[in-house]
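Chain IDs A, B, C and D follow the sequence of writing; residue 1 opens each chain.
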Amino acid sequence: MRTKYFLALTIAVLMGGGMLLFANPPAGSGSISGKITYTGTPPKMKPIDMSKEPTCAKQHTTPVLTENVATGPGNALQWVVVYISAGDQESSAPSQAERYDQKGCQYIPHVLPMVATQELQIYNDDQTSHNIHPLAKVNSEWNKSQPPGSPPIDTKWEKPEFIPVKCNIHPWMHGYFVVLKTTHYAVSGPDGSFEIKGLPPGKYTVSAWQEQYGTQTQDVTISGSENKPANFTFKVLPY
Amino acid sequence: MSAEAQATLENESRIALTAERRPQVSGFPSLASGTPTSETGMWVVVAAISMSFAAFTSSMIVRQGSSVDWLHFQLPRVLYANTLVLLASSLTLELTRRRMAAIPAASENSTAEAKALLSNGVYWLYVTAALGLIFILGQWLAWRNLAAQGLYLSTNPSSSFFYVFTALHGVHLLGGIGGLIYVLRKFKGINTNSSVQMNSLGAFSIYWHFMDILWVYLLLLLVMRM
Amino acid sequence: MGKLFAVVVAIITIISVAIFVMHTWWMPIDVSTNGPAIDRQMDDTMIGVGVLFLAGQLVLAAFAWGSSNTSSGRKIKIFPGGATPLVAGAIILVGLEVLTLTFVGSKAWGAIYVAPPPADSMRIDVQAEQFAFYFRYAGPDGKFGAIHPDKIDDGSGNYFGLDPANDIAARDDIVVGSLTIPVNTPIWLTLHSKDVGHSFYVRELRVQQDFVPGLEIPLHFTATQTGKFELVCTQLCGLGHYNMKAYVEVVSQGDFQQWLKTQAGQ
Amino acid sequence: MQETSQHAVHQHAPPTSFIRKHVFSLDHKVIGKQYYGLALVAVFIGMVLSWLMRIHLAWPTWPIPGLDKLSAVGAPGGVMTPEYYLSLMTMHGTIMVFFVLTNAPFAAFGNYFLPIQIGAEDMAFPRFNMMSFWTTFVAFLVMVTAFFVSDGPPISGWTAYAPLSAIGKDAGPGLAMGQNLWAISIAIFCIGSLLGALNFIATTLDLRTKGMSLSRMPYSTWAWFVTAVISLLAFAVLLPACILLILDRTAGTSFFVASGLVLSDHLQPHSGGSTLLWQHLFWFFGHPEVYIAILPSIGIVATILPVFARKPLLGPRATIGCMIAIGFLSYMVWGHHMFVSGMNPFSANLFSVPTLFITIPATILTLLLIGTVYGAKMRFTTPALFCLGFISVFISGGVSGFFLAQPSLDVYLHATYFVVAHFHFVMAVASIFGVFAGTYFWAPKMFGRMMNETLGKWHFWLTFIGVYCIFMPMHYLGMAGNVRRYSAFVDDYLIPLIPVHKFITIAALATGAAQFIFLFNLIWSRFKGPIASDNPWEATSLEWSTSSPPPFDNFGGRHMVVYQGPNEYGVEGSDKDYVMQTSPEKIVTR
């Protein structure tokens, strides 16, 4: 009788230990946050004339601007991808798919970070045909049109790469797929702020990438559940 | 009409169906050209090939006129040697035709004489083929020469056209050599129906001489344009 | 059967012609100085050809009707006079029509394409690309910046490939997605293509001209009425061809100057 | 009475094995039927493509059942993408122009009947003849393969204008592998056509039987001969064009691609090519191609109409002269496709004048045909009806040429549905009507069985009215400035025209459906139709002097001698109302 209980207990302990041993490392509680800013005069974002596509034009009350250097109050710089470029353990891609929208003849979001081999779903929410043409070099390039009402395009990217995306029907539509190795990344918002959560203790290299001004890096060490600051400043030119 | 007249009619008309030379027949409208079908066909081929090379030529002129990136370069010397080789091959071909044409007359005297003519003619035909192959080889050397200068097919429109012209002419000439082998097979032994042999030889020589003329034309064109 | 054929052909012919005559579907209003000549030419041709069409079909119908009488008593008839009068008539009539059409038509054509643009024309650059038109005004300095294909970047809206960093003239160039022009002013467009062949077609202006990659094609016209018109691409240029269009806004001189100022301000 | 000889010489003995008999046969009759079969397959493929396009134009958001099975990328959920529409359009144009309009009236009927009509036992070069068919067949296979490559068929139209066709995948879907296959297929097709033309010319010149002078050749033979000359020169130009295009695409040369082009954000590595060069080369072939399609049908109708009118064709020599004149002029007018292409505006008039002058021989031909109907005792069989229908649609298609030949009107009408209407009427429908007439007329000779008249008449009426319902409205669309080659009509001024497109679509579906009556009739009569006599229509030309179908050597060892022209109908003082070409009797009356 007793031996039975003892046996069951040992098995349970062993199994539990085994699970502890073999499961992914527990998501850490450390985080990195900061603000992306620029110095210098940024180029003037140009208004986009959508009159050739009335169904899109009427979705916008104020003229849509190009987003290659999107700035905000306090020299904030938007659409900068901040990610762990070194020091992060291997980890499998999250199971839930990333969603990419074509709405009002714009790519939403303008920059979409994702993990290699992660599911990607591309939707056409407009009443017009769109064409998605990721100009991939490392991965394989493709070019598909999506008529209104046709099902979303399910795809994924095998290797890490910064992939420019263009619409062959609406030349002004430009965006980026940022395919990363790590699961730890963030995109700077309109106020330039970002936060990378869930970092286990360790020594990291943090990179910030802007589509026009390239990549900057910093080294950050996380010990325990602390929040380390990391600010990046890009030098911009008017032309 | 009388029976024998009718007989001759049938006779001639039967020959007509085997596409041989035939005389005019009185009482009927004049019939088709006296030339053997094989030669007529060969003239049509010549017309078609001339047309395509005319198209290439005009393309070249338009292309050169349309832009400023036309590169002038030195033609490989070997081309001139090749030209001589090809011209020589036409001469040897004529030697063959002489021999072959003489066979029927000779065979009336002695078969031995005819046989001699035949073998001799065949010999010159082999020489013609050999010269053709030497020409092709020479063209290939010319390509090597250009490649050594860093001029490839896509380097410049001028080099593009050079390779296109020489390659296509070469392909046609290889086809000619194929035809030459076909003619050789026809000259196995003295054939009673020698006109078939003569027709195939005649048609072939039209083609071969045309290849000759075509090359001279292309060479002049290249000399002027490069 | 012959009678039936005659009736069917007659009905088809009359309906077809009627719809043309009623102008049920027709050219839109003409707002250009080129238009009147073209429209006159169109009407002349329409009348001349319409007569040929009617005559041809109806005569065919009539003969078919007649030929359906196969009563044994009737002998076949050869066309009176045989072929010669027909041939001669065709050569003379059609020949004359052809010559007149050519003579009149070549004037209309010359006015648009052969005549050089007036010296005081307003210069506008057009860039056609898969699948949109972009228009460039010289801006306050009246000078166009140079075009550098390697600088072209749709993402940052540099559709012409300007280089404002090093090229002062390019900085104030106005690049927009719609063509705004003053009324009663000769316009002189320079057509560039960024990628493949396109075409510039505005029905109301009665102009059509291809963009040829690698060439700068001049095109000139004068709008005589204000209004908003559609510019569409008529040269197959790829998957978005059907969607390649822009608007042409013809405005008064005052409005145009105003528009220029606001654009230059941006 | 006919002169016969017991032991005629033949160029090649009758084959025995199935393969040599029906597949790799040297017999011009088998080859003719093979061409006809290929054209038949091609025309139904092309027709289905046009259906798909029409449905998409009228109801762009409709999912077409099963289309996503054909191409999941091209039609996700059955809804056609813009590029897939263009792919289907390109394939429709290419298949119809090359594999139907060039093959059916010229290669198919020409191969079968040209040698018989001149009293020859076969073509001059039977081996080349066989090669020409199988080359064409390979070209067709290569073309159809484009449907099944990853990025689908090319989207650059049957004219494949450079640089769109010359750059590759950066220019858009279908322009990588698909366009390669297209260019290769057309190049192969050129070779096949050249071999065919070679045969037609040599045969007509050298193998005419005794008494068959040029002036005694039937008009169909004349048409095939003139067409052969045209296509020899035309395809000899298209072939180089294709070679240069393939080099531009694969070898990095710059014949057609200009400098500094940016496609898909890539600066293309070409320099200095001439875009217009392709257009010149293509249309130098492309315009004669129109006459390659229509001349044989004119000849066929000129041959068939007198048979049923029971009177001679009006102006036989004028007819032949006009065909030659058209063939000659067709080489001076290619530029009228390029009035607004950016070529020197002065040259527009140079091309416009000869173009307009082509209307003169065309008008004469039409008038002569109409004049032949005058006072006839018409036997209204199906082939006769299709001949009359041919005249009608040829007029309708011809007159619109007056507009497009004038640069000043082309400025407005160029690249609109007016053009589509014009060339479909004059080139496609007219040519196909000639083919239908020929089929109903010659099927008894080709298969030894009559086709069903009732079905034939139904087929005629539905088709005749149908094509007018399809193509006449396209003129109105053109007048309203409706641009062609659009996969959807999103422009403000085009939206009101969509009802017209719906009407056209319905008409197209109905007319297409009617073609299955023809298909059924053809297949059913082939096996079940009443046995045909040697000369069921009481016609004069040589094919009716032999059995139906003709023996392997066409005249069963007999050798024909010709005493008459092909035009001896309505002859009085003869026991019949016509005199065969082989009949030696003297004609006194008339």
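Assume a residue touches a chain if its C-beta (ideal position, glycine included) is under 8 Å from a C-beta of that chain, and two chains touch if they have at least 3 such contacts.
Remember, it's a predicted structure, so these values are computed and weren't measured experimentally.
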item: Best-connected chain pair, where connection means C-beta pairs in contact; value: C-D
item: Relative to chain D, chain with the most remote C-alpha centre; value: A
item: Chain occupying the middle, per Cα centroid; value: D
item: Intercentroid distance (Cα basis), chain D paired with chain B, Å; value: 33
item: Whole-Å gap between the CA centroids of chain B and chain C; value: 51
item: Cα-centroid distance, chain A relative to chain C, in whole angstrom; value: 48
item: Chain A and chain B: spacing of chain centres that average the CA atoms, whole Å; value: 69
item: Residues of chain D engaged with two or more neighbouring chains; value: 81-83, 172-173, 259, 265, 272-274, 276, 488, 490
item: For chain C, residues contacting two or more additional chains; value: 129-130, 154, 214, 238-240, 243, 245
item: Per-residue overlap in chain A, given as positions that touch at least 2 other chains; value: 128-129, 131, 145, 164, 166, 168-169
item: Complete list of chain pairs which touch one another; value: A-C, A-D, B-D, C-D
item: Touching residues on chain A, where the partner in the complex is chain D; value: 128-129, 131, 133, 135, 141, 143-151, 153, 164, 166, 168-169
item: Touching residues (chain side chain D, partner chain A) in the complex; value: 60-61, 73, 76-77, 79-84, 151, 169, 172-173, 264-266, 488, 490
item: Contacting residues of chain C [partner chain A, same complex]; value: 129-132, 154-157, 159, 164-165, 171, 175-178, 238-240, 243-247, 266
item: Complex contacts: residues of chain D adjacent to chain C; value: 81-83, 86, 155-157, 159, 161, 163-164, 167, 171-173, 257-263, 265, 267, 272-276, 309-312, 314-315, 318, 340-342, 345-346, 348-349, 352-353, 356-357, 359-360, 363-364, 366-368, 370-380, 385, 388, 391-392, 395-396, 399-400, 402-403, 406-409, 411-412, 414-416, 457, 461, 464-465, 468, 472, 475-477, 479-481, 483-493, 497, 500, 570
item: Partner chain C, residues of chain A touching it in the complex; value: 43-44, 46-53, 66, 68-69, 128-129, 131, 145, 164, 166, 168-172, 174, 211-212, 237, 239
